[in-house]
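Here come two complexes built around subunit A, the first alongside subunit B, the second alongside subunit C.
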Partner chain A sequence: MFNSAYNRIFFVGLLATTLLASPLLSAKGVFQSGPDFFAEVFAPHKPQSKVLWMTADIRQQAEKILDRPVVGLRVRYHQLDGKTAWILEEIGKEMPITIGVVINQHKIAKVKILAYRESRGGEVRYPAYMAQYEGAVLTDQRKLDKSIDGITGATLSVWAVNKVAALALYYHGLVNPVESTNGQSK
Partner chain B sequence: MKSIKPSRTNIIWHRRLGLSVFLVLIFLAISGIALNHSPALKLSKTNLSNNWLLSWYGLEKPAINGFKLQDKWLYQNGNNQLFLDGQSVAPCSAPLRSGVGNAQSIFALCANALVMLTENGALLETFSQLDGLPANVQAVAAVEDSLYLLTDSAVLGFDPDSLAVTATAKTPAALSESLTVMAAVPESLTEQLDETGPSISLETVILDLHSGRFFGQFGVLFVDIIGLLVCILSITGLWAWLSRLRQINQ
Partner chain C sequence: MKKQLLAAFIGLNITAVAQAATPSAEEMWEIIQQQQEQISTLKEQLSNNDSRISETEIIAEATISAVEQISLAPAASSKTTLGGYGEVHYNNLEKDDGIGDKNEVDFHRFVLFTSHQFTDSIRFFSELEVEHSIAGDGQVGEVELEQAFIEWDISANQSAKAGLFLMPIGIINETHEPNTFYGTERNNVEKYIIPATWWEAGAALNGELAQGLSYDIAAHSGLFMDDGEYKPRDGRQKVGKAKADDMAFTGRLKYTAIPGLELATSVQRQNDVRQGEGEGISGTLIETHLAWQKNDFQLRALYAAWDFDTAINDIKQGADEQTGFYIEPSYKLTDKIGVFARFSEYDNTAGSSVDSAVEQFDIGINYWLHPNVVFKMDYQDQDNNSGTGSDGFNIGVGFSY
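Here is the complex of A and B:
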C-alpha cells in the first residue's frame, strides 16, 4: 500500500483530515437559543409572546399527532400578524430534539433543529434537508401533505421532525383559524 | 493380591458429607449459573433498595430536602422527577435549587430550567436555558405579586406570562429573606420515593451470597469449608468406587 512516498503522504493527509474534521461534524449540541431563533425569523420586527392553552380536545388531537401523552397546560409561541413560530420538543431515539417551526399563512415557512442530543442521526439538521418542509400544509388527517425523504440512520429523528412540523401546523390553525368562504372561521 | 473392600467408615462419612452439603451445593450451582448469565438475566440492572438489605450493607437512604410552600412540600426524587406532596408533577434535572409559590402558581428552579406549576401541581410550562433562562440563576423569590430570579450578583425580574427577564436595581442580599429555605422533607412523603437513594444490584447480592461475603468473614470461611468438604466428598467417593471396582475384578 505504501509503495511510494506519494501514497504515504496521501494516507497521512487523509487520516489527519478525518481526525480534524470529526469534531466539526459532531451531531450533538445546542445550535441556536429560542430568543435568537425568534429574532432571526421575525427580524427586524419584535414578535409577541403568546400561549395556547391546552383544552381536552386540543390535547387529544396533539397526542394523536405525536402518538404519545402530551404534558403541560400551555404551549408558548410567538406571533407577528399571520406568522407564528413554535419551539417544540420530540424524542428522536432516546433524547429530545428541540425543533423550531415557523408557520406563515398556514404553510411551513421554516423548520430548524435548535438542539440535537442524540449521538447519531444529526444529518437531519442540515438546511438542505430541512428545506423539504417549506410549503408543507396540514391535511385533514393531521399529516403533512408533502412526502419527506428519509435519511439512513436517522429514521427516528426524521419521524420526530415530521410529527413536530404537523403539530405546529395544527397549533397554528387553532390560533389563526382559516377563514371560510362565507367569512366564518373553521 | 490382597482384596480391598470399601471401608464401612468411609462410606458412612461419604454419605454424611453428601447429606450435609447437598443443599449448599445446589445453591452454589444455581447462583453460579445465574452469575455466568448475568448480562442475559440483567442482574446488574436489577436494583434492590429494601431497607433491611441497605442497612445490612451499611447504606442509609439520604434525607430528602425540599421546600415547604405554605402547606405543601416541593421536592425531588433521585430520578430527576419533581414531586409536590407525594404527587409526581414534572421532570426536573438535579439539583432542585429553589422553590417558591405565590397565590396562583408554584415555581421550581431545577438545574437548567424553571418549572412552572399551578397551585395544584399541574405543569403549566417549563422555561429552560434554551428558551432564555439565564444560565447562572441560583434561586427564585416571590415578593408580593412579583417574581425574581437571583444570580450571584444581580436580581432579575421575571414575568411568568411573557417569560420576559428584565434587569432590576435590587441586590441578592435584599431578597435573601424572601427565599424559601431548603429543609428536610417529612418521612411520610419520602417513604413513597422507592427509587430514591442508594440501591444494590441483584448481581452484587448473588455474588456475595455465592462467595459467602454476604455474611462477612464467617460466610467466606463457611464457603471455604464447603469447598474442602466437596474435595473430601470427591476423594471418599472415588475411594469407594475404586474399592468396589477392585472387589468386582477379583
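Here is the complex of A and C:
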C-alpha cells in the first residue's frame, strides 16, 4: 500500500505542507473580543453602552431580515453621537459567526468578523471581503443596497454576514430615527 | 406731634418684630439640631431607596438573563444539527438516432445531513442519500452514505479529517445543493470525467498557507475498474467493502483572496485502478477551474483530464486519455431569476484517433422562490459523432435546508 515512489512523494509533500502552514494564520477561532472591538471603533472616546428592547414589532422585523425566529429580550449596543456599534451572531451553515458592525449616519462604516467557527468560508473575514459592505444602506425592503460578491461553496457564510449587516442598519434606524422634513421622525 | 407719635409707634413695632425674627443662640442651636435630625432621617431613607433600586436592577438583570438563557437554550445548546436537500427532475429528451428517447420524472436525490459538534474543535458530519426514490433488489435507486467523517481542528488554521469524505476536486463535487448551481442536471464534465459525486475513505489535511491560499491533501481509497471497465465513474467503489490493495492521493490548491473569485487546481494519483488484478494501471487526474462572480454576473469554467497507463487501451482503445471542459456564463436578472448558458465537451476515449467527444450546449433559467428553493428549466442540445446525442428540455425543483 505504501510502497511506491508516489506514496513517498505524497508523504514528504504532506509534511512540508503542514510545516508551511503557519500557525500565525487563523482561519477559525476568536479574532477579537467585544470590548476590544468597541474600544477600537470609538477610540479615543468612550461610548455609552445602551440597550434596545425587543418589542413585538422589532422582533417581527428582525425575524423577516434574518429569515428565522429571533430569541432574546434585548440587544446591547454602543453609541457615540450618530455612530453605533453592534455585535451580532448568525449561523452560516452550522456554527455561529460573531460579527461586529459599525453604523455611522445610517451607513455601514465597518463590518468585522470577530469569531468564525465554520469549517468552510473563512475567507469572509478578509479585509477585501469586509470592505464591500462599507457605505451600504438599508433599502425599503430592509436589504443591503449593494451587491456583495460571495464565496463559491460558502454562500451561506456570506448570506449570514449580509443579514447581520442589514439587521444592524435596521436597529440603528430605530435608535437614531431619521428626521423627516416636517420635523417628525419616521 | 402726630408725626412723632407715629414714628415712635413704628420704631417699637420694628424692635418687636426684630426681637421675634432673631432667635437666641439657644433657639438657633435647637433648630439646627432638629434640622440635622431631619437630614439624617432623610439620608437614611434615601440610602434605603438607593439600595432598593440597586437591588431591583440586579433582580431585573438576573431575571432577563435567565429568561434569555432559557429562550436561547434549545438552539444554542444543541450539538446535533440536521439538514438536507433534494431535487425532482423531469427529462424530455430525444435521441439523435431516435433510439431510446427519454421521457421520465425522477426524484433524483433526497439527502439528509446530520452533524454533531463534540467540542469546539471536534465534529462529525454525514450525508445519507436516497437516489431515484426507491432502493432495493431490482429497484432503480440506491441508498448511499456519501459523507461520514470526523473533523478535528488541529490549530486555528489547520484541520484534519478521517472517515468517508468528498474528493476536493471540481466545483460541484463538494457543493452540490441544487440551489447553488444552474441546470436541472449536473454538468456532464464533472459527472463523467471527475466523476462527481465522488467520495472515498481515508484521511485528509486542510488549511491556509497564506491569506486566500488554502490547501487540501488526502490519502484515501482508490478506484477499481473491473474487467471491461475504463471510465472513472464506473470505478467508484463507494467505500462498500472496497478493494484497498492500492490507495490514491489527492491534493488541491485554492486561491480565494479576491471577493467573488475562486481559482483552484487539483491533482490526484491513482496507484492502480485494477487494485492488483491483472496488469496494473495507474492514472493521474489534473483538474483546474475558475468561478468568478461580479455583481450579477457569474462565470464558471473547468478543465479536467485523466492520463492513464496505456495498458488501459487494451480494455478500451483511447481510454488512456479522458478529458473534458465547460464554460458557463450566467446572469441574475433579479434576486430571484437567473439565466445561464453552458458549452461543454467530454471524451472518455480522447486518446484514440477517432473523434469520440460529446459536445453539449445548454441554456436555461433558475427561479429562486426562496434562496434555498429553486425551480429550474433548461434546454440541451447534445451531439457526438456516433449520432447518439440527446436533445430536449429538463425541468426541476430543488431545495436545501
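Observations, loosely collected:
In this section, the second predicted complex is superposed on the first by the 163 of 186 C-alpha atoms of A that agree within 3 Å, B and C clash if a C-alpha of one lies under 4 Å from a C-alpha of the other, contacts with A are read in each partner's own complex, and residues count from 1 in each chain.
In this text, a residue touches a chain if its C-beta (ideal position, glycine included) is under 8 Å from a C-beta of that chain, and two chains touch if they have at least 3 such contacts.
Not measured: the values here are computed from a predicted model.
By the touch criterion defined above, A:Gly29 lies against subunit C but remains apart from subunit B after alignment on the C-alpha atoms of chain A. In the superposed model, A:Arg76 lies in contact with subunit B only, and not with subunit C. Legend: residue contacts after superposition of the two complexes on their common chain; A:Glu94 is shown touching subunit C, with no touch to subunit B.
Of the two partner chains placed by superposition, A:Ala43 touches none, neither subunit B nor subunit C. In the superposition on chain A, contact of A:Gln132 is made with subunit C only, not with subunit B.
Of the two partner chains, subunit C is the only one touched by A:Ser119; subunit B is not. In the superposition on chain A, no contact is made by A:Ala56 with either subunit B or subunit C. Among subunit B and subunit C, the chain that touches a larger number of residues in subunit A is C.
Touching of subunit A by both subunit B and subunit C, each in its own complex, is seen for residues 71-74.
Against subunit A, the residues of subunit C that register as touching in their complex are 64, 67-68, 71-72, 75, 81, 83, 115, 117, 120, 123, 125, 151, 153, 155-159, 171, 174-175, 180, 205, 207-212, 214-215, 217, 219, 244-247, 249, 251, 256-262, 269, 271, 291, 293-296, 371. Taken together, the subunit A residues at the contact with subunit B in this complex read 30, 33-35, 49, 51, 71-76, 87, 98, 114-115. Contacts from subunit B toward subunit A in the complex involve residues 90, 118, 122-126, 129-132, 161-164.
Chain contact summary for the complex, subunit A toward subunit C: residues 1, 4, 6-7, 10, 13-14, 17-18, 20-23, 25-29, 67, 71-74, 93-95, 117, 119, 122-123, 126, 128-129, 132, 147-153, 155, 159.
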